[in-house]
Amino acid sequence: MKNIAILSSGTDNSGINAAIRSIVRSASSMKMKIYGVNWGYRGLIDNSIHCLTSRDVSGKIGKAGCFLGTGRPEGCFVPENIPKMMETIKKNNIHGLIVIGGRTSLIHSQKFVDMGIPVIGIPSTIQDDIVGTDICLGVDSAVNNIVKYVDKIRSCEFSRDRTFIVQVEGKTCGSLALRSAIACGAEICLVPEQPCDDISVIARDLADASMTGKTQVLTMVSSGWKPGVKALSDYLVEHMEETDLLVRETVLGYVQRGGSPTSYDRLLGLRMGFEAVKAISEKESGKMIGLRNNEFLRVPFSEFLANDKPMDKALMNLFHLSR
Amino acid sequence: MKNIAILSSGTDNSGINAAIRSIVRSASSMKMKIYGVNWGYRGLIDNSIHCLTSRDVSGKIGKAGCFLGTGRPEGCFVPENIPKMMETIKKNNIHGLIVIGGRTSLIHSQKFVDMGIPVIGIPSTIQDDIVGTDICLGVDSAVNNIVKYVDKIRSCEFSRDRTFIVQVEGKTCGSLALRSAIACGAEICLVPEQPCDDISVIARDLADASMTGKTQVLTMVSSGWKPGVKALSDYLVEHMEETDLLVRETVLGYVQRGGSPTSYDRLLGLRMGFEAVKAISEKESGKMIGLRNNEFLRVPFSEFLANDKPMDKALMNLFHLSR
Amino acid sequence: MKNIAILSSGTDNSGINAAIRSIVRSASSMKMKIYGVNWGYRGLIDNSIHCLTSRDVSGKIGKAGCFLGTGRPEGCFVPENIPKMMETIKKNNIHGLIVIGGRTSLIHSQKFVDMGIPVIGIPSTIQDDIVGTDICLGVDSAVNNIVKYVDKIRSCEFSRDRTFIVQVEGKTCGSLALRSAIACGAEICLVPEQPCDDISVIARDLADASMTGKTQVLTMVSSGWKPGVKALSDYLVEHMEETDLLVRETVLGYVQRGGSPTSYDRLLGLRMGFEAVKAISEKESGKMIGLRNNEFLRVPFSEFLANDKPMDKALMNLFHLSR
Amino acid sequence: MKNIAILSSGTDNSGINAAIRSIVRSASSMKMKIYGVNWGYRGLIDNSIHCLTSRDVSGKIGKAGCFLGTGRPEGCFVPENIPKMMETIKKNNIHGLIVIGGRTSLIHSQKFVDMGIPVIGIPSTIQDDIVGTDICLGVDSAVNNIVKYVDKIRSCEFSRDRTFIVQVEGKTCGSLALRSAIACGAEICLVPEQPCDDISVIARDLADASMTGKTQVLTMVSSGWKPGVKALSDYLVEHMEETDLLVRETVLGYVQRGGSPTSYDRLLGLRMGFEAVKAISEKESGKMIGLRNNEFLRVPFSEFLANDKPMDKALMNLFHLSR
């Protein structure tokens, strides 16, 4: 195993540059060569790939996103692209791939495993929806981003009778919302795993929280929660007379994933990077580096690809106990 | 003129605490007594008012919002409330009022002038829509808040082909959007003073900007721009095939006004506070403290109440030259 | 076990308010009463203590420091104070103590254990020098504070030939410096566990790093490293001709511990608070809540009081591999 | 006037990239060509210079420092370098120079004026020590940096009896310290313009401020104040018994000038850039762009080079009134 290519697929988030740093630096000490692929799988199609030296990763650890660029996997794996990707791999004499990305991106990398190219995955997504790891790369930075916005929103602390609804990412997994709700001291947290049939129940909870004398009530909502922030907000506006709640709705978009990575994500990225190089040098393939109880494991793709991440009950408990 | 009451009306923003600090501290050196009114005009109705000493304003200059609380003026001036407010004024032996707030809040204070109570206003609103002052208290902090969010959004700089649409406050006045657009290096700025008949023109501008090779194109929009962010965004999604633009829309809500004030707003608040005390001690009334070319003026309410602020042509020029 | 008093001793850092929040909220669900002691052990001497309700901890989770105040333990335990403290405990009918603090503060609490008052400790110090827990409360926030300053220092990236020396806290333990060095991508890290006999070796390392073409070289130093930042800095200034290094020295003081806590410290504080209440309700005493591999343990005081924390070899390895 | 070279001399600070942006963009609309010189005057000696297009300045406005690099003027103007610089100017057919920098850097540019090369200066230094302009580029960002650090230091608000001494830049001019002192609500401000003979007077002021019941007392000091922070700090430590003051000293170093520029500095940089291009296109030379009462003037070098900036009495008044 001499030449390894590394790519980041999916939306970019914090900590990826740290992973690339440690991959490059540890690989060079193991006499491997690392190739950086630009724009995710797209770079394999276009042969946009180049050798990375220790100098190339200098000063990148504090930068947001991924300095190689990322790209969505969708559309990359149409039949005519597969030979192009394989040609890039052969032309550059690549013996293995490290893929940094979310669930969909890792699923796609199985294709290379099937074609005999060893692949090691690094779970990186603020959706935090991957089974087999306690946390994904980028989540700590995203939660801290959210916390800072909510602190700012709440800092106008002497404004009265406000109900803040904050929507964060989470299509199928409420982890980001739940962590943020706990860290922000939210009164209510709405996650995809627990859809709601009757919004009036939530409205009553909000009115109750407001009546305890709090000047501000905070509701944290995952983007994938049903029936959705708009339905909730519409209901509250419609029933304002009854509930006496003045609602402010904030949809946190790209700001969640931007900015300088936290130290946690930098260390996690570095450690996952090392583990990935180690795994690939030991001829592993089709596995993802997972963190469980502070130890790094090699989780077979099959194990996490097939399963949805169950809701983190410990976190949900922590939320209910502390709010 | 011995006892002065101070209140903050409208939504809270940065710099108000600095104004209150200097009002209290300079008044005490002039042997005046300052009363703080809670929750805006509402506090006059409810007799929620108390004496402020030098110690009460210690450590407040760095805090967001207004430590007395603010409140909307709407609903306060129904006929049955007027005698209540006057009673509070008499009971506490108040000889004059300093009102910190936006246009609507200052307009309402004219009522007290008419009833013989001297009033001095301090223009404080991130809408920046008041004639007679170059800038309102809170605008600098709001622009810096916006700049930080956009920097964060843009920090993922290696993501491709993204068009960011960011909506900021500005019902009738584009000042905040314009200042933010210049500071952020936006490609397009859409303000209420220049409504748009034909969205396809904007779409073409965006596509052009994108085709010059920029990986990210930024559009800054005032909330009061017609036909609105939603219409623009819908159009772009619908015509994505033609324009090849992937659109991300962010509506910046309360985060614009939160957080610790900038040093500019702290100094502006302090200076406006002093000028207000000086004006009221010199028996002025019905006037607002305005800043023009670095000098403080006393602008009669009549002058700015009747007129909409014209668009700042120098700023618009600066935007067009620098983008 | 009905009435529990809580106090924070030592210098304040981030996450303490979160711990108090969860102690108060979980205790109330267990029908316990929580008393907050002001200014650390000093409040026990002065009987400065009051009951905390769920409302008292609302909105505190995002605040820096400790809202009860903290105080140094030194001088509190002179013989004449012990009866005063015991009187406060009896007068308020306190059945147990939760002490949040660093090593010295926890050592002092043994006094109460000896006198028959159950005590549970929460390890909270940015020194991170306590055996028996993987990390102390406040460390994550401190590292992120340091990272932000270093990012700012380094952001002027086109200035040439600068060697930055940054001193962070760490009297006997290099954990904070090491974590920061890794997260910042420092070239050199100097910790108390590894004193230096010959500064010329470090100077040569710095000159070597500088000659690889880096425009900036970063050295992270613990305050307890011998012979100290001043000696290093003096040496480098003296030998500037040979090494061609322009040195900038920054001593990070109180800024390390200030600011809003990170989400990690908020969750850690909440969880440690719960575990403390649980432990004390189960009649444990003389134990500290420790985190090991993501599990919470009850570590007897005797175990960590007697021993210095050994240097974290995994972290030192991570530093050497990634730099 | 066709080809203009631009260089940034001295230490880098915020807003320079905005100035370069507007110089490049407005020059291109006037059919001029702009050349960027790397590393200040050093780049003229080394012929390190290249043409800048509109694309080169895209996305730079939010970056710290100067993307061309800066360099100290010292040592550049030895006799053997002058012909090298002139050769670079001739070889690249440069018709004029725009120099961005502090007082020393602008003084050196007079050399080119004397040799017949038109020069326009932009005053950029956080020392803020240049006569002829109300404020220099970079000052607003530096003050906001300082404010943020002090806010963080002060955020641990329930720690008792602390006297914070914060040293900021200012060799001969106290502007930065004074602005920061006002914005932070400092109790004492020590500037180079007012050296102190008897430190015991300051110690008494501090003790008095502390005895009014404040938990924290803040002293802001310019680096050029005599006898200096160390002398003050030593005195206070020595006399701790009498004054009962626990002192914490912070020397803010490079962090003052780092980080993303404020919107004020971005707009100021853009506007100064335009004015510089306009001035040079109108065949002005040996002049600096100054801002006075919100208007831009062309100030002859002779006017400000010879004179020290007098202390800003309005600011000193504001400090005394508001503290």
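Labels for the chains are A, B, C and D, by order of writing; each one numbers its residues from 1.
The rule is short, and it goes like this: contacts are C-beta pairs under 8 Å (C-beta built on N, C-alpha and C of every residue); 3 or more make two chains touch, one makes a residue touch a chain.
This structure is a prediction, so every number in the text was calculated from the model and none was measured.
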Taking each chain's centre as the mean of its CA atoms, which one is farthest from the centre of subunit C? B
Distance from subunit C to subunit B - Cα centre to Cα centre, in angstrom: 41
Counting only Cα atoms for the centres, state how far subunit B is from subunit D in Å. 29
Indicate the whole-number Å distance between the mean C-alpha point of subunit C and the mean C-alpha point of subunit D. 36
Each of the following residues of subunit D touches two or more other chains, namely 151, 154, 157, 260
Chain pairs in touch? A-B, A-C, B-D, C-D
In their shared complex, subunit B is touched by residues of subunit D numbered 21-22, 25-26, 29, 55, 58-59, 61-62, 134, 140, 143-144, 147-148, 150-151, 154, 157, 179-180, 182-185, 212-214, 216, 260, 262-264, 266-267, 270-271, 274, 293-295, 318, 321-323
Interfacial residue positions of subunit D with respect to subunit C in the complex: 11-12, 39, 63-71, 145, 149, 151-160, 164, 248-251, 253-255, 257-260
